[in-house]
Structures are given as C-alpha cells and as structure tokens.
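Structures given as structure tokens follow.
Two complexes follow with subunit A in common, the first pairing it with subunit B and the second with subunit C.
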Partner chain A sequence: MRRFVWNIFLVLAGLLLFAPVVIFGLYGFSTRYFYPQLIPSYWSATAFLRQLTDVRTRQALILSLEIGTVVSCLSLLVGYPAARTLGMRPFRGKSVVYMLLFVPTVVPPVATGIGLNILFLRTGLAGTVLGVALVHLIPVLPYVVFTLSSVFARYDPHYEYQALVLGASRVQVFWTVTLPLIFPGIVVATLFAFLISWSQYLLTFLIGGGQVLTLPILLFSTVAGGNPQATAVLSLIFVTPVVVILIATSRYLATDRVHGESGITL
Partner chain B sequence: MAKEGIAGQIRSGATAAATHQRWWQRLVIALTLAPALGLIAVLFGTSVVYGVAQSLGYLPFLGQRTLTLSAYRNILGGGNVAHDFWISFGFSLWVCSAATLLAGAGALLVVMLFGDRLGGATRGLMILNINLSFPHLVWAIGLSLLLVQSGLLARVATALHLIGMPADFPVLVRDRYGIGIILDYITKETPFLVLILLSILRSQPHAFGVVAQNLGATRWQRLRYVTLPLVLPGLSAGALLVFAYVFGAYEVPAVLGVQFPRMLSVLALEFFANPDLHSRAEGMAISVIMALVVLVVALLGRILSNRSAS
Partner chain C sequence: MTRIVLDRLHKAFATQAAPVLAGLSLDVHPGELVALLGPSGSGKSTVLKIIAGIEQPDSGDVRFGAQSLLHVPPHQRGAVLMFQKAYLFPFLNVADNIGFGLKLRGASKQQMRSEVGRMLELVEMPGIERKFPGQLSGGQQQRVALARALVVEPHVLLLDEPLSSLDTAIRHTLQETIRRIQRELGITTLLVTHDLQEAIAMSDRTALLLDGMIEAIDRPETLFQRPPTQTAARFMGISTFVTGRVEGAQLLAPWGALQVAGDGEPSHAATFAIRPEHLRLLDASAPNAVPGALQDVAYNGEFTLYHVAIGADDVRIKAYQTVPQPPVGALVYVQFPPEHLFEVLV
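Showing the complex of A and B:
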C-alpha cells in the first residue's frame, strides 16, 4: 500500500516537473495547435529550426554563453582565495564577512538594479556587456564563495603539508593535491554560477537597457509578443543548458548543497 | 646569568616570531578576502548609496540636489500614489503568505509521508534538484501555457467532457487574486523546502524515531512529538527565506500577474520606467521599502537557521 502511494507520488511529481518541458515540446514542434486539440494534428520542426537559425536568437544565445562563462570564471578566480580563508581559518569578524556576502543575495534585484542604473549610465557601463557581467557578479560571487567555503570547511590541509614536506612546490601541491580533492566542489560552483548568470533577467534588463540582448531578455519580449509557439521554442533553447549541467553534475550533488545555495533559488 | 640571557633571548625571539607570524596570518586573511569583498562592496554599496539618495530626491540630472522625504510621504501618505502602493503592498503580502504557507505545508506533508524513501533515493533527489534549477521565468511560462483557458489543462478537461469551451475553465493565470503566481511559487518552492527538511533529518541521529517506536509510540505520535519538533525550526527558517525571495521577485508576477493589482516589484519598476522623471524617486523609495522588508525577514530566517544548526 505504501509502495503504491509512493509510486503515485513519484508519477505526480514527475508529471509536474516535466509538464513545462512537455508543453514546450507540444507547442514548439507543431503547427496550428489550437484548442481543443490535445495532441497536435500537425507535427513539424519548422518553427524550431526557424527560431534556431534566426540571427537574433543565435546572437542572444552566444551572448548569454559568453557572459555566463566570463562571470563564472571571474567569480571563481576572485572567490577562491576568500572561500579558502573563510572555510579554513578562524578569525574574528568571520560572521560579519558572511553577512556582507549574504545581504546582496537577498536584496531584490529590482532595488539593486535601479540603484546601479544611474551610476552605470554615468560611467558608461550601462548598455555594455561588461556592465551586465559586472552586475551579474552581485548574485553569483557570494554563491561561489559560500559553496566553496563549505567545501573547504570539510577539507583536510594535512595532505598539502605532507606533499610540502616531501618536497613538492606550491604549484605542484595545488595541481596534484588540492585541485583533485576539491574538484567536485569546483565543478558544482562553476556550473551553478554559470546557471545563475544564465537565468538573470531583471539585472540584465536594468543595466543592459535593451542593448544587451541575452536569451532571457529575448524570451521575455517574446512572451510579451504573445506567440505561444515562439515562446515555447525559445524556452526549450533556454532550458537545455540547465538540464545538461544538472545531468553532468548529478553525481556530485547531495542534499546538503541546499545550504550554500541561496543564490540559485533565492 | 648567561644562561638566563640566552633563554631570555630565545624566548623573546620566539615571541617575536609568534607576533610576526600572527601579523602575517592577518595579512593573508585580509589579502585573500579583499578581492571578493571589495568587488561586492563597490557594486552593492554604490547601488545602496545611489538608490537611497535617489529615493530622497537627490536627482542631480534634474538639477535637484536637496534631500527631502517627499517621495516617502507620497507613497505612505494620502493621494493616488499611496493608494497604488498600499494595494500593491497588501497584494504582495497576500501572495507571499499564501505561497509560503502552502509550500511549507506541502513540504512537511511530502517529508512526513515519503521522507525515509526520498532521502535515500537518488532519483528523487535528482528530481528535486532539477526543479530547483529551473529558471523562474521558464517555469512561469510553462505554467501559463498549462493553465490558460485554452491551455493544456483546459484541453484535457474538454476531452474528459468536464467543460464545453475555454470560457468554462477557471481563470488561473493573469487573475485578480494572484492564483497563478501563488501556484508557480508553490510548485517551485515546495521542493526547495523538502530538500532543507531532508538535510535536517539526515543530520539528526536516526535513533529518535526508533526509540519512540520501541517505547510504543504510534506513527502519529512519532510524527507529532519527534519529527515535527526536530524539523520545525529549520522549516520556519526556510519558509522565511522563501517569503523574502517571493516578496522581491519580479519575473513571475510580470508573466503570470495582471495590471491590477500588481505586486510591489512590478509597481516599483513601473514607477522607475515612467517617462516623468520625478516618479523615479517614488519608484526608488518603493524598492527601498521592499528591500527593508525582505532584509528583515531574511535575517530572521538566517538567525533561526543558524540557531537550529548549532
């Protein structure tokens, strides 16, 4: 009986989870899919291919990939030393540092974006890719620091000492001891940092000012246009990297990830 | 004498080395933290300073350099602007409370019924994680295609002869009561809270439930007196974080909401984008108030979660 209820629950949860993807598939790969058709009478990939070869879509896709890559690499570079210190060294004022990083992740993007709008307009960063990448750091960098510092909190530095005693150089220690040990954490932090940047709409909109057309910006204006087919196709293109990244990192993901990840859902 | 001198020298040398080392340690800590903290401080700090300044009417590009509280007075006091603000404020409170309470109750139910299975099943965790990582914008779009009056659900209802035409289907998205927005957040935040609950339960000694069972506690009693008190602090902390997030978020109400009533985030942006530059100050004041509410709620959640963790 309990097994039966569990199976029903799994099916329901799965349905709910995949409902959006299924819907995007129904609308995206059909033509003249009107009420009350349940299953489309005419399947076709024309709309999907048209959208995929569309210049604006391609440019948006490339731009989003670029910004996401730059933001995640930059925040890894800047966040790594801070995370190591926060995770491994006791010092006074640590909770203050955590608080300083926590506050920007919860203040609504509406407020942050509007606040930065004027400054970025003045410094000429508004409407530029650099400006958008910088503003993406506000949610992404704290996420990377939190995730990596919790990795370093469980990290045993004695392996490093051992290598040093045996005559390894600092660089050798990093590449052959530290990096392999924290590799899963680095992968998860980088890829999810990319996802946070990839999903940003409002900060991009407020700083990019309609000139930096990333995929979410294009998707949002398509929604406003009211064409369900174009919306569905773009949504599919938009979520593909999300699903790919999740599958790629699935073996590294554990339940305790949720604690360090205010950035992704919150 | 000589011996003491040497010992003293060694001792003072050792303390000098120790001070030197402590000083070095502090430098390392400061230098490693500086890039990350500096970047965040510059970006976020200027945003706060400029935002608050604008809300106080400091608009140099309009030639306004005096600080006044008039934007706040317009928002909170009488008049049309205040009318809009308070309606949006109430609407935001309603949507956030409903979504948070229902997601919390849902998560509790799921964990109570399936916690032991879900915690071990990697597939179950994977499903939760996929849901968690779905961008809110896409989730909202998916729900709107599912729930509109000519959407998939309405077509299923038609196929089952429950309704005759689209207009018979209840208005679930872009409705006056924010049902679409609430449904979106329930489906998106319940898995988040389930993950929090599972990680709390995992970190607890498993034996509590077994001990209670051994002492003759029924299933319900174990739930009521063992599991619930264990997870409640963590659940409330998570729920507060959800509330804070929903209160400030923009995409979902923009896709699934209506022009009236609007949630606060939508209202703030509309004021900000208004061609009349004077309403900028009001838009900024709304977002300052919103940020304050969110901060207080989120900090409460953080204090609670730190307490429940230790």
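Showing the complex of A and C:
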C-alpha cells in the first residue's frame, strides 16, 4: 500500500517536472497549433532549426556557456580554500562566518544588484562579460562553499599526510590525492555554480545593462514579444544543457561526496 | 642507516593548557627499533608528526645524523609515517598504492611492477596487485601500507600505533612481520604504542613517555623487570611499593624488616618495588614473609590474581602456578623474595 502511494507520488512529481517540457515540445515542433487541438496536427522542426541557426540565439548560448564556465572556475578557486578552512579547522566565530556566507541567498538580489551596479559603473565593469561573471559569484559562492565545506567536514587529512611523507610535494598532494578524494564533491559544487549562473536573469540584467545578452535575457525579451513558438523553442534550448549535465553527473549527486567514506577521524 | 636525534623538543597546543612535549630528548641509534610507550594524550603521535614534518616544534631540534630537519619539507625528509589506519588511497589499486612513492620519483612502469611484486612478497601478500583497498581486511591493508612505506626506501620508519585497531591474533603475526622486516632492512624505526606488550615484544629499547618527557628508556627486559622510577614502575604494571629505611641488607618497613639484596650502602630512606608475579602467596610463615588478610581471588586463566591487605596496603599477587586456595578473609603470608625487590626513585 505504501509502495503504491509512493509510486503515485513519483508519477505526479514526474508529471510536474516534465509537463512544461512536453508542452514546450508540442509548441516548438509543430506548425499551426491552435486552441481546441490536444495534439498538433502538423509536426515540423523548422521553427527549432531556425531558432538554432539564429545568430543572436547562438551568441547568447555561447555567452551563457562561457559565463557559466568562468563562474564555475572562479567560484571553485575562491570557494575551495574557504570551504576547506570552514570544514576542517575549528575557530572562533565560525557560525558567524557561515551566516555571513548564507546572507546572499536571503538578501533580495535587486538590492545587491543595484548597489553593486554603482560600484561596477565606477570601476568600468558594468556592461562587461567579466562584470556579469563576477556578480554571478554572489549567489553562486554560498552553494559552492556549503557543498565543499560539508565534504571537508568529513574529510580525513591523513591521506594527505600519507602522500606527503611518501615524497609528494604540496602541489602533487593536491593533484594526486586531494582532488581524486573530493572529486564527487567538486562535481556537485561545479554543477551548482554552473546552473545558478546559467539561470541568472536579474543580476545579469542589472550589471550587464542590456549589453551582455545571455540566454535568460534573450528568453525574457522573447517572452515579452509574445510569440509562443519562439518562447517554447528558446526554452527548450535553455533547458537542454541543464538536463544533459544533470544526467551526466547524476551518479555523483546520488553517491557519497567523499571518496573513502570509512576514512573519518573524529 | 640513519640515527634520529630529538633535542629538547617543546610543543604546546592552543587548545590545551599543559604542553604536549616538555623538553623531550631521545636518541634512536641507526637500525634500532625504539618503542615510545605512553598513555593516550601523552604526545606520542606528536613526536612522530614532528619528525615527519607534519607538525613543527615550538622549540628544539630534530636531526637525522648531524643534519637538522627543521627546514626540510616533509616530502624530502625520507621519514615515512604509518598510522593506526592504513590510509590506502581508495581510488588506486594495491599496485598503484604501493607504487605511489615510486611514481613520484619517476620510476619506469617495469621498475614499478617488479618493485611492487618484491614488496608484496616481503609483506607476505603476493599476487594481490589488482585488488582495491576496499576488498582487503584491516590486517591486509596494513601489510599493503607497510609495503607502500618501505618501497621508497625511507631513512626512518615511524609507526603510529599501526596495529592497535587489529584483532589480537592478527596483531601478533603483524608484530612479528614488522619486526622481521625491520631487522632485515636495518631501518631505524620509532614505534608509538600504548600497549605495553607490543612495546616489549617489538622493541630494541622501550622509552616511556609521560608528561611530555622521557620518564625512562632501556632494553625492554630491564625496563620491565627493573623500572628506574616509581612512575615508570606503575606503568610497567607494578603496584606494590615498600617504603622504609635501608640498613645494610635490610629494609625497615612499617610492616617489619624485609631482607633486600643490599650492597652495603649507607643507611638511607628508600622505596622498593616488586613485580606482582614475583610475590609468593603462602599459607604459613616463611622467611621474608609478611602476614595479611586475603581480600579477593580472581581466576584469569593463565594466572590467578590475589589481593592481600597488609596493614592499610593492598598487595596484588599474580600466581602462574596453583597455590594453596585459602578462603577469602583468611590469614595468609606474602613472601618478598629479596632478589626481586629493587629500589626505585620516587
């Protein structure tokens, strides 16, 4: 009985997740699809192909991928040392640091965005790709730091000591031992970073000032244009990389994030 | 072969009031295995970490031979540390784990394969190159960890209770394996343990670490039979101490006069100790025997433990042979064989 209820729940949850995509699919791959029809009578991929070959779409897609990649790398670079310290070292005021890190996720992004806009205008970063990438770090970093610090909270530095005494320099230790051990955690953190940057509209809009046209910016202007088919096709283009990445990394999401789970010391 | 010299090491941690190491000095001779015995929290592991370079001392020096190591980074010291757990890299198979140190030195694949094979023979685990750490038992993992440590031909081997999480039987065989290999290779080794039996069984010399200092160091037999101080004696399982004045070959104790192996020293106040297995429980008076009341008898298989109250003192006697079994509360005599009574510093 409980199993039955659970299955129903799964089906409903699935529907909720997939229904929008299905509807986008119906709109995107059809022509002359109007109200009383349940399923389009004419199928066609022309709208999809047209949108894909559109220069603006392609540029937005590439720009979003670029910014997402830069943000992921930067957030790991900044987040790794912070997370390692927070996860492994006891120190005074740690909970305060955690809270401060959590702040960007609760403060309305409009507030931070407009505030930073002034600063970015002065430093000449407003309206630039770099400026947008930097501002994306604000919502991204908390996720990266939290994910990695939970990894480091259960991380045993003895593996590193072992490598060190066997003749590995600090840099070699990182590449040969630390990275393989925390790789699942790194994948999950990168995933968060990329996806949050990928779907960022407001901060891109505020700092980019209409000059940095990422996919969400293009999508919003298309939605405002009122063409359901263009919206559907663009939404599909927007969602596809996310789905691909999620499928590719699902095994890391499901498994334990520290390799060598038994290596816990208290 | 390398000589390890620890010179007045001091180390304190912010989280603890008392310093962990308070001027510890120790000299480990080339090719020797010294066991560092101490209760948990006595700073034993810190000593090893300082030698390996994972921790820095607040003051003092660590030398291999004449060379100070304080400014040598850990990966260039040639001191390999083994912990209570094997810490085999879980993402590498046994061969790659053992070859880890060789690969860092740019050894060829062929060289690695033959060295790994040779090491696995040495630790009596041939043919498991392709297995992963998760497929091995705790004892097997420690054998692989030993192979991984030895393959880089370290100057010194530092063992931090590597056997304490293993079953007794496996622990004993591994003690023998480590001892055999250590002798074969003549590698200077410092073993940290809280297990008296392990220290005694494995070491050339045993050092007792208490309160951040070496309380006593000697050959295990000597340290076990004749610990120099009362504190050391307690750690060696001695609980019977007799305090009094020595007059010639007599110890004038509160219970009466006891014959001791005196060598004609001038009269002085002294504390004597005796191992529990050297005391004899008798049911009738005898030379050098003191009467007391039997308090408790605990049969332990290999030996029987008797508690006898002499005056206000509780005297523990370990008897390996069957002795008369008087009822609890009975009057018994405890004999102190003079040749086993020895003076300790208080």
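Going forward, the second predicted complex is superposed on the first by the 247 of 266 C-alpha atoms of A that agree within 3 Å, B and C clash if a C-alpha of one lies under 4 Å from a C-alpha of the other, contacts with A are read in each partner's own complex, and residues count from 1 in each chain.
Here is the rule we use: a residue touches a chain if its C-beta (ideal position, glycine included) is under 8 Å from a C-beta of that chain, and two chains touch if they have at least 3 such contacts.
None of the values given here were measured: they were computed from a predicted structure.
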{"item": "First (subunit B), second (subunit C), both or neither touched by A:L181", "value": "second"}
{"item": "Which of subunit B and subunit C A:Q172 touches, first, second, both or neither", "value": "second"}
{"item": "Subunit B versus subunit C, judged by how many residues of subunit A each one touches", "value": "B"}
{"item": "Partner chain in contact with A:A163 - subunit B first, subunit C second, else both or neither", "value": "second"}
{"item": "Subunit B versus subunit C as contact partner of A:V71, first or second or both or neither", "value": "neither"}
{"item": "Contact residues of subunit A, present in both the subunit B and the subunit C interface", "value": "259"}
{"item": "Residue numbers on subunit A that touch subunit C, as the complex places them", "value": "156, 158-159, 161-169, 172, 176-177, 180-181, 259-260, 263"}
{"item": "Interfacial residue positions of subunit B with respect to subunit A in the complex", "value": "25-26, 28-29, 31-33, 35-37, 39-41, 43-44, 46-52, 54, 61, 110, 113-114, 117, 119, 124-127, 129-139, 141-143, 145-146, 150, 152, 154-156, 158-159, 166, 187-189, 192, 195-196, 198-199, 202, 241-242, 244-245, 247-251, 254-255, 265, 268-269, 272, 283-284, 287-288, 290-291, 294-295, 298, 302"}
{"item": "In the complex, subunit C residues that touch subunit A", "value": "49, 52-54, 73-77, 79-81, 83, 85, 87, 89-91, 100-101, 104-105, 148-149, 152, 158"}
{"item": "Subunit B partner contacts - residues on subunit A that touch it in the complex", "value": "5-6, 9-10, 13-14, 16-17, 19-21, 23-24, 26-27, 34-38, 78-79, 81-82, 84-86, 89, 91, 97, 100-104, 106-119, 134-135, 137-138, 141-142, 145, 192, 195, 198-199, 201-202, 216, 219-220, 223, 228, 231-232, 235, 238-239, 242-243, 245-246, 250, 253-259, 262, 264-266"}
